[in-house]
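You will see subunit A twice below: alongside subunit B first, and alongside subunit C after that.
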Partner chain A sequence: METYEEAEALWGGPTLTLKITKSDLDPEAVTRRLRLTPTASAGPGFDPYAPLSGSDGRWFLDSDTSGRASQFTTAAGDLLVRLTAASAAIRDLVDEGYSVQLIVRGYSGPRSTALVAPEVLRRIADLGLPLVVVPSTNER
Partner chain B sequence: MTGGPLRWENVSVALIVTRADLVPDEITSRLDWEPAVARTPGSPSAFRPGVGCWVGGYDDSFSTDPHRQLDALLARLSRRATVLAELRAEGCTVQIDIAADVANRAEFTLAPAELATIAGLGLPLSFTFRSAVPNSEAVLDELFPHLKRT
Partner chain C sequence: MRAERDAAGRTPEDAATPVPEKSDAEARPVDPFDVSLPSRREARAEVAALAAEHDRGSSTPDATGIRDILLATDLQLSGHEYSESDGHFYATRVFKGGREDGQPVFVGHGFYREGSGHLTVPTGTSISFYCAHREALPGLSGLAIEAGVHPGLPVETFREGDQVPDYYLTKPEATPPGGFSVFENSTTVRAQARLSDLLVEGMGHTHWAACREVQ
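So, the complex of A and B:
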């Protein structure tokens, strides 16, 4: 059991990302259906610069990465408002077999705490998507 | 790298209650719950320096499946929703925390049903990352992303 004997420290550069993948994903079709412009996207095929990403087509939309933990709630909230406006189209994609996930990433020091505010959790829960938490332990 | 994404290790899930003038025994009594940690304000080792801290929850000794730990914790919290709301109204900081040893890029996924239950409780959710031994493969991935290894 964690005994919380060390002082908490915030993690760095937290980002919330919507990630959509499917073997035959057409990025332009997803962009059109969600009426949102992706941060990055790629059609199906192996990317030698991202060998661990697999060969599925992929479409990503990031929250504003101004990078301060204190701004995560605002940045994530802004993204979630945009996703909530597209929630019907997002549900359609899930029903059609697309993998749709929300991903929280951040840089974690030797010990750090990442906080997700109740209002952010509420919006994530309303979207009905899984939330993947991925700390990066490498220094930038 | 094989076997899919890395997992979080030694996970524990907890309710954490802190306040500058916290009386841990009072929290224990009102929640009717034996804490794993009960520290009065000013204890030398402190999550929040100078602040009293009450922690209750589950770890590997209950189940090595973090989702089973979380389900059990959320059931306990749901039964105590009224007291938790009172504690917050009285100025306590109340949060759900998932602590784990994490390697670089090790993933943990919360299911929609888990998120809905947590959102319904209206409590913040936090993650406490204890660094695991640096993952040399992951370091290489960051330095040399163009190198494909099998």
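So, the complex of A and C:
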């Protein structure tokens, strides 16, 4: 086991999310094609509560958000297994012009780290999707 | 060399050490060297440190005032034990009690996800927010809302029939290196939930002690 001179806390509440957007995205059609139930979705349209987010349709699938930060590898791994099973359909969506991203979010501060295990990175690489990392310093 | 710690600041040894059951914090003497159960003085020091940290990084002028108000509320650590199925389990520490008026307070990390839309506030229920939509709520302000001693008026209050953004609430896991303190009587979640799942009829006046940032 490696040891460090300074203890490093893990990000709080890390979550991996698949985000799909397109100007004419039909949430139900995406659900059918991927055979996955989204965490949240919305058809195209301006969102007055998020005016900078554009008006594309959106489809989100999150990793399990229960459990400790140290269980992120398991939660992300479980989601990636499901996405790998749907990888052909995801590739089709990309080819049809959908924007498809994987997003890691979490609550971070000085000397805090997000631990992404090698097997998680390998699965993300195998999917060939852009990975966006979004740390938040919000206290609440 | 220091041992690795998890997000709650526990070493692997801490996590493996069973915590004695107790029905009340007063049931056993506080050991000032027991890091799993900080003394009241340590808890106060932690709140003061949080306030100082907040003051350094924010232009919000009232953090020190909020700190002083909190310190005057006789904060005491809860003696309750929580399991992983309780949102409180993920907090760094839990203080006894909560608001004297008994009004529900939703506590954790909060955000609005693009496309989530809104919900209609149910009959017999209202909800107050203490930061503007798209803004973050400082930790100390959240704690003061939970204690019912927040010195400022709500930024917004939505009453029955009003439309309110359908925010998400997640468990109160600390943003390192800080902690995340909650009160016993506050409402937390163990996994993310939407406000539309949390607000029901007849809740009376409720409070949102979480951020309202947009993701």
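Definition applied: the second predicted complex is superposed on the first by the 130 of 140 C-alpha atoms of A that agree within 3 Å, B and C clash if a C-alpha of one lies under 4 Å from a C-alpha of the other, contacts with A are read in each partner's own complex, and residues count from 1 in each chain.
The working rule: a residue touches a chain if its C-beta (ideal position, glycine included) is under 8 Å from a C-beta of that chain, and two chains touch if they have at least 3 such contacts.
What you see is a predicted model; the values in this text were computed from it and never measured.
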Review point. Which partner does A:R32 reach: the first (subunit B), the second (subunit C), both, or neither?
Key: neither
Review point. Which partner does A:D62 reach: the first (subunit B), the second (subunit C), both, or neither?
Key: second
Review point. A:T137 contacts which: subunit B (first), subunit C (second), both, neither?
Key: both
Check your understanding: Does the superposition put A:W11 against subunit B (first), subunit C (second), both, or neither?
Key -> both
Point to revise | First, second, both or neither for A:S70, with subunit B first and subunit C second | key: second
Check your understanding: Is A:G128 touching the first partner subunit B, the second partner subunit C, both, or neither of them?
Key -> first
Check your understanding: If you stack the two complexes on chain A, which partner ends up touching A:A40: first (subunit B), second (subunit C), both, or neither?
Key -> second
Practice item. Could you look at A:S112 and tell me whether it touches subunit B, subunit C, both or neither (first, second, both, neither)? Key: both
Check your understanding: Which parts of subunit A are in contact with subunit B and also with subunit C?
Key -> 3-8, 11, 49-50, 52, 108-112, 134, 136-138
Exercise for review: Flag every residue of subunit B that touches subunit A in the complex, lowest number first.
Suggested key: 1, 12, 14, 16, 36-37, 45-49, 53, 55, 57-59, 61, 95, 97, 99, 102-112, 115-116, 118-120, 122-132, 134-135, 138-139, 141-142, 145-149
Practice item. Over in the complex, which subunit A residues touch subunit B? Could you list them? Key: 1-8, 11, 48-52, 101, 108-118, 121-122, 124-126, 128-138
Review point. In the complex of these two chains, what residues of subunit A are touching subunit C?
Key: 3-13, 15, 40-42, 47, 49-50, 52-53, 57-58, 60, 62, 64-70, 105, 107-112, 134, 136-140
**Study point:** Of subunit C, residues touching subunit A in the complex
**Key:** 1-9, 54, 84, 90, 107-110, 112-118, 133, 136-139, 142, 165, 170-171, 173-178, 180, 190-192, 209-211, 213-215
